[in-house]
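Letters A, B, C, D, E and F name the chains as they come in the text, with residue numbers starting at 1 for each one.
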Amino acid sequence: MTSSCPVPHPETERVLLGHGSGGQLMAELLTDVITPELGLTAPLEDAALIGLNQVFSTDSYVVTPRFFPGGDIGSLAVHGTVNDLAMRGARPLALSLAYIVEEGLPLSELRDITRSAAAAARAAGVPIVTGDTKVVGRGAADGLYVTTTGVGMRLRDARPSAAGAEPGDVVLVSGPVGLHGIAILSAREGLGFDADVSSDSRPLNDLVAAMIAAGGADVHALRDPTRGGLAGSLNEIAAASGVCVEVVESAVPVPVPVAAACDLLGLDPWHVANEGCLVAFVAPGSADAVVAAMRALPEGAGTAVVGEVVEGVAGRVLARTLVGSSRVVDVLVGEQLPRIC
Amino acid sequence: MTSSCPVPHPETERVLLGHGSGGQLMAELLTDVITPELGLTAPLEDAALIGLNQVFSTDSYVVTPRFFPGGDIGSLAVHGTVNDLAMRGARPLALSLAYIVEEGLPLSELRDITRSAAAAARAAGVPIVTGDTKVVGRGAADGLYVTTTGVGMRLRDARPSAAGAEPGDVVLVSGPVGLHGIAILSAREGLGFDADVSSDSRPLNDLVAAMIAAGGADVHALRDPTRGGLAGSLNEIAAASGVCVEVVESAVPVPVPVAAACDLLGLDPWHVANEGCLVAFVAPGSADAVVAAMRALPEGAGTAVVGEVVEGVAGRVLARTLVGSSRVVDVLVGEQLPRIC
Amino acid sequence: MCLGIPGRIVTVDDTEPRSGTVDFDGLRRPVCLVYTPEAEVGDHVIVHVGFAIALVDEEEAARTLAVLRAMPDAIETELGP
Amino acid sequence: MCLGIPGRIVTVDDTEPRSGTVDFDGLRRPVCLVYTPEAEVGDHVIVHVGFAIALVDEEEAARTLAVLRAMPDAIETELGP
Amino acid sequence: MKHLQEYRDPVLARRLLAELRTTATAPWTIMEVCGGQTHTIVRQGIDRLLPAGMRMIHGPGCPVCVTPLETIDRALAIAARPDVILTSYGDMLRVPGTSGDLLSLKARGADVRVVYTPLDAVRTAAENPGREVVFLAVGFETTAPANAMAVLHAAATGVTNFSALVSQVLVPPAITALMDDPDAQVQAFLAAGHVCAVMGWTEYEPIARAYGVPVVVTGFEPLDLLEGVLMAVRQLEQGRAEVENQYARAVRRSGNTAAQDAIRRVFQVTDRTWRGIGPIPASGLALRPEFARHDAAVRFEVGDLVTRESPDCIAGDVLRGTRLPTDCSAYGRTCTPRTPLGAPMVSSEGTCAAFFNAGRTPEHR
Amino acid sequence: MKHLQEYRDPVLARRLLAELRTTATAPWTIMEVCGGQTHTIVRQGIDRLLPAGMRMIHGPGCPVCVTPLETIDRALAIAARPDVILTSYGDMLRVPGTSGDLLSLKARGADVRVVYTPLDAVRTAAENPGREVVFLAVGFETTAPANAMAVLHAAATGVTNFSALVSQVLVPPAITALMDDPDAQVQAFLAAGHVCAVMGWTEYEPIARAYGVPVVVTGFEPLDLLEGVLMAVRQLEQGRAEVENQYARAVRRSGNTAAQDAIRRVFQVTDRTWRGIGPIPASGLALRPEFARHDAAVRFEVGDLVTRESPDCIAGDVLRGTRLPTDCSAYGRTCTPRTPLGAPMVSSEGTCAAFFNAGRTPEHR
């Protein structure tokens, strides 16, 4: 498309909501705008390494509504960063908690969210050691935004990386997918539905510790499929590792109400965000031991073997469909909009 | 005041803008709402210690406008966190950079700010190793908010702490005060003034390294007088250290246009934010060496001896006034509102 | 065309136009029932953009399924790819 | 009462009501000059809530300062506390 | 979900495919008209399991694809007004107009909101009396009853700041136009189950007769589609050309008469230009004049609209089924779901997007 | 800054203080009327340097302090209306009304904006034609010309959505009321330099004569104040009671006649209740009836206001100079700048806040 081409042109000058949705637009934003300026290579990992064994990760949380079935923005912000550290095989050591508060927020709500963040941190065994609070005027935020940052120390023998998947690896999912995103949607006023769904938001550091204990360096890749969902994480690992992944559609655990909500709204459950499960690529020799270790913990009880790394186009994720055919598993473009027609 | 008391009552149920202004309201918010829930002791330090020598600090930046004389939100966010690490005597090791972006922000602006943050980090000798980008809908943010978090390692012999000031300590200020806050005000549309003032935003880690090299453990307390200004930092150190501080009003370097803006708007220059100077409390035996080391660097060229720790009411800061009298140096209550009448 | 899925009516409300709540296996949504005046609590309806556009005929559904289930089994290897 | 500070007029603009820019030692602000019709560029005015409410009389200022500066010096120890 | 999960059974799917292979003796070409059916077919890879030579052609049944460019441009112009809240189904937000889409306009400050049902748009209007709430009322016969009820409800409750920008389209005239095309390759149709749930299937009987094409009213799940294809192939093999109903659990011959009544009360038949295809007589619905106060096209003067399509886009041929997306020179290069040049690349059931998302390349169609 | 920095010279300040000690032979009591002067005195600790026994009493010259509670409550009620943008000088935002202050109301959603000059409020109105912009027009004779010009400018340019909630007050009637108080302890006044820059000092001549009190028109810098005190003490020592002008660089005997004309065009003298003090005849300015369309008190019906002050607050005595803040049982306990019970604890030049911020305790007054 040349600039004189009199055709529809997509927005390329401004940030769209979809730039934050963990899909293709987001990848483009990072690749085109952010990482070249920072001199970073593609930010494929959940957390960065500092030196040999220290791990460092940050995330901002802007979830609406702030309270939802299964959690709130405070606990979510703790779990999210704890999990990003865990995805690099790290034991979390300390967290920071930074608030951006909109003028007018009830103090009681701020207290409740802080209490929830503190409880989540305690439960994950990580202290919140420092923080910050900024207040912006009415209308300059939507109530409260939270940024957590964590430092951690890699566990012995832990080397998981999005670029670590190898041919033959077994692909695991630690629990049902789509719960968090659907719980958030169901808690929103506008969509007017109500679902028997709670967010899966929870810390996964103990689960990862158990996996590393069982599989050591054979745990090749770990990822928590948050924004962009399962499809996003699988594609990121396939791309970073240069492998082809095949997933069996019927093996992926999608809870019934999640499937119903996706059917109703025209969403793809594999694109829906999760906050309490992980995708793992494990060398076949250690897969049984890792699965057993995962299933021994409550947060891994629903672990499913969903696929494997196969011969094929590098960076591609395939699904074996219900009817026995195959399709390419796509990443989200921008925001996931309810498909109605 | 009982609840049946038919008298004016201040807002106690909601967050006010003033809760973010680094004054008394902010202290109240931290003490009453945040720190008890987190189980932290009063968050008096710029950065937390993890273990013996690792330092960890976070801050969110919500400055309006995003570009101002002397900097922008990107460079500011880097300097702010680098400086908070430095105030604990640490060499910064790595930074994270988290964005909350309002839908509609020009991508070019995001690129410019990222470039500026990267340049600031390079200049300070600290890599930005990880980041995050969230997008919120139109009207749910004011363009862009930035949260930086840093980890650092304490320099040998460095022990500065807000609680470290001792009787007899010499009080130093590394440069002119009030520049940042007035530069921001002058860049705002609404106030309609225009000043020959640039923000002092800059990294202070080299300055601190020079101070520690010269004074070692005799550098008792360091603080960058950001929100709450010089008066806030002095009061915090006086309170945390349980000492009485006396400052000589005429010794504090207030640039002429800062004084003019404060006179015009009825602001107190000691309450205005800074982003490129520090307050130091140094044992008298090392004061000359430290001052000499500071003045040898551009960012410390304007170092002034402004006061000392005296006998007196613990936690109180006194000013020797121009006319030779004395007054208590107060902390800001809430936001600093232009005083007109 | 367009997305329409079956759900079970769990309440019929006293509103104008006629509406109720439809359950989709654990997800409930208010649905306008004005075009299915005969539908009652317990019935399945096909819901499209918030409207029930058809009442599911249970007998026909059973018949369709019976036909499908009566189909002879296939040999796996015939199928590809 | 009320905050009023002296600044020097640097421009007089062609507006209704009369206004201009006043410099306060490196800080400039638009100021309404309607109440100091006689004030010109270079003059000092006292500005209060965006209005020049008085033209500074340089001669009187010099006289006041001269009086103050003529005052005999004091002995430090007389002053307290 | 009952009446859903059963139709996704992989064992039954295999049996249906085996039966289809046994039944089909020729390389039949069948068109599913509906974008929802296209979605299932492409996502489940059903077309790749068909007997050798047999083809599914994906028809013009995606409202996102066929809504005229002029309507999109009009919606953009109306949405740009500061007093307007433009409401739409999520699907329409990324449809390219001549100079952008609604999502980009939103990023530039327009108040654009997604609704799940048009009644939500009426409620938004009631809640924002100082604003004009415009609903982009597109779709086939399925959305028409809902959109009609929104207008009736607004009129009845005096919500005068609600209006609809209507571009409803009708399936049977489109099928007729397709069959009149000398390039027509379609030998049988799967009619869209939900359209028929509303309208019944009597309109298809003259088409089947006139053109000698089997028409099978079909549901949306994998088994529905496989059975629909099988029923069509059986007719073809037997030389029949009738209307049959695979989707009997939801569709009656006369359709939903209450819904049809509402459509008739609110709308009247009009000529309509289909994006990519061109004008088709009597193929659309417009608001009746008595609802002019709820007609956004009447209420908002937007001046002359100059519409321009990409010269590379062959969406018309794709929608008519005469060419595949992979035949388009822009496909996967300048035209991707991220940067759609034509509407069929926008919605995931748009034919081009369905192909792209499934990783279809010219080699592997 | 020229005409500012010179009057902060510490050496000259010491000379003035020495001269004052030499001159004063009795424990004179002098009131500075103006809050701005109070601010300098307290911040510089000037009163603590005065000869033993000599006292400065801080007068009622802070508009934040004396604006009637009823006006604050009315501003709160108007600001709570969704169509209103309430504009105010920053000082007024924390002044406690009966049930809150403007800052809290803002946190609860009201659109409250700080302006530096009333002309900004008029501009805000011009820029927001769909909203009502109300300016809280308080202050003494200094702000009156600016506020008058805002009304004249809005009227001249047809900015009909601008209105002012006026509670202007006048100094001379207040001084008269103070001197009529049987508890009056004031022996001399420092008149407020900027009030006199506008009004001149002829109004003070009858007061000086009638009550036998020296009045010195005084500026705001440390040297101004010290010289003003010295001039008052000289009169007292010499038994004179005249109006003298310390602030000759800015104040002429007749004041600023252009400004006085504007005040007279827009305002008329009215009785006014001073917060903490009570009603004082002819002590205020109200908009003339011909500006009713710009009069917020006329335009906004807010129903009956029930105002209630804290029973602990002795602000009236403080403002009259008969008691010190440190005499108040609430001072520093339930009443602090963070939780002001009365207006003098709000603005940093309010007498109670000035005391508090300077760390004054009953022991160390």
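Methods note: a contact is a pair of C-beta atoms (placed from the backbone, for glycine too) under 8 Å apart; a residue touches a chain by one contact, two chains touch by 3 or more.
Protein identities per chain, from UniProt: A, B = Hydrogenase expression/formation protein HypE; C, D = Hydrogenase expression/formation protein HypC; E, F = Hydrogenase expression/formation protein HypD.
Bear in mind that the values here come from a model prediction, so they are computed numbers and not experimental data.
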Worksheet item: Which neighbours do chain C and chain F have in common?
Response: A
Worksheet item: If every chain is reduced to the average of its C-alpha atoms, which one ends up farthest from chain F?
Response: C
Item to complete: State the pair of chains with the top count of C-beta pairs in contact.
Response: A-B
Discussion item. Fitting on CA atoms only, what is the rotation between the copies chain C and chain D? Please report it in degrees, nearest 5.
Written reply: 180
Item to complete: Tell me whether chain A and chain B, two copies of the same sequence, contact each other through the same residue numbers or different ones, using over half shared as the line for same.
Response: same
Discussion item. For chain B versus chain D, what separation do you get between their C-alpha means, in angstrom?
Written reply: 33
Worksheet, complete the sentence: Separation of the C-alpha centres, chain A versus chain F, in whole Å, is 59
Worksheet item: Just curious, how far off is chain C from chain B if you go by their C-alpha centres, in Å?
Response: 62
Practice prompt. Enumerate the residues of chain C that touch no fewer than two other chains.
Written response: 1-3, 5, 24-25, 49, 79, 81
Item to complete: List, in ascending order, every residue of chain B touching at least 2 other chains.
Response: 14-18, 103-104, 192, 256, 259-260, 263, 266, 324-326, 339-341
Fill in: Set of chain E residues in contact with two or more other chains
1, 4, 14, 17, 35-36, 48-49, 62-63, 89, 106-108, 116, 120, 139-140, 142-143
Worksheet item: Which chains are in touch, pair by pair?
Response: A-B, A-C, A-E, A-F, B-D, B-E, B-F, C-E, D-F
Fill in: Residues of chain B defined as touching chain D within the complex
186, 192-197, 256-257, 259-261, 263-264, 266, 324-326, 339-341
Worksheet item: Once bound in the complex, which stretches of chain C touch chain A?
Response: 1-3, 5, 24-30, 47, 49, 79, 81
Worksheet item: Along chain A, where are the residues that touch chain B in the complex?
Response: 12-21, 26, 29-30, 33-34, 37-40, 43, 47-50, 54, 56-62, 93-94, 96-108, 110-111, 114-115, 117-118, 128-137, 139-142, 145, 147, 149, 151
Response to the item:
Interface with chain A, chain F side, in the complex: residues 106-109
Discussion item. Show me the residue ranges of chain E that touch chain C in the complex, using the header's touch definition.
Written reply: 1-4, 6, 11-12, 14-19, 21, 33-37, 48-49, 61-63, 89, 116-120, 139-140, 142-143, 145-146, 149, 153, 171, 192-195, 197-198, 220, 223, 227, 246, 248-252, 256, 258-259, 262
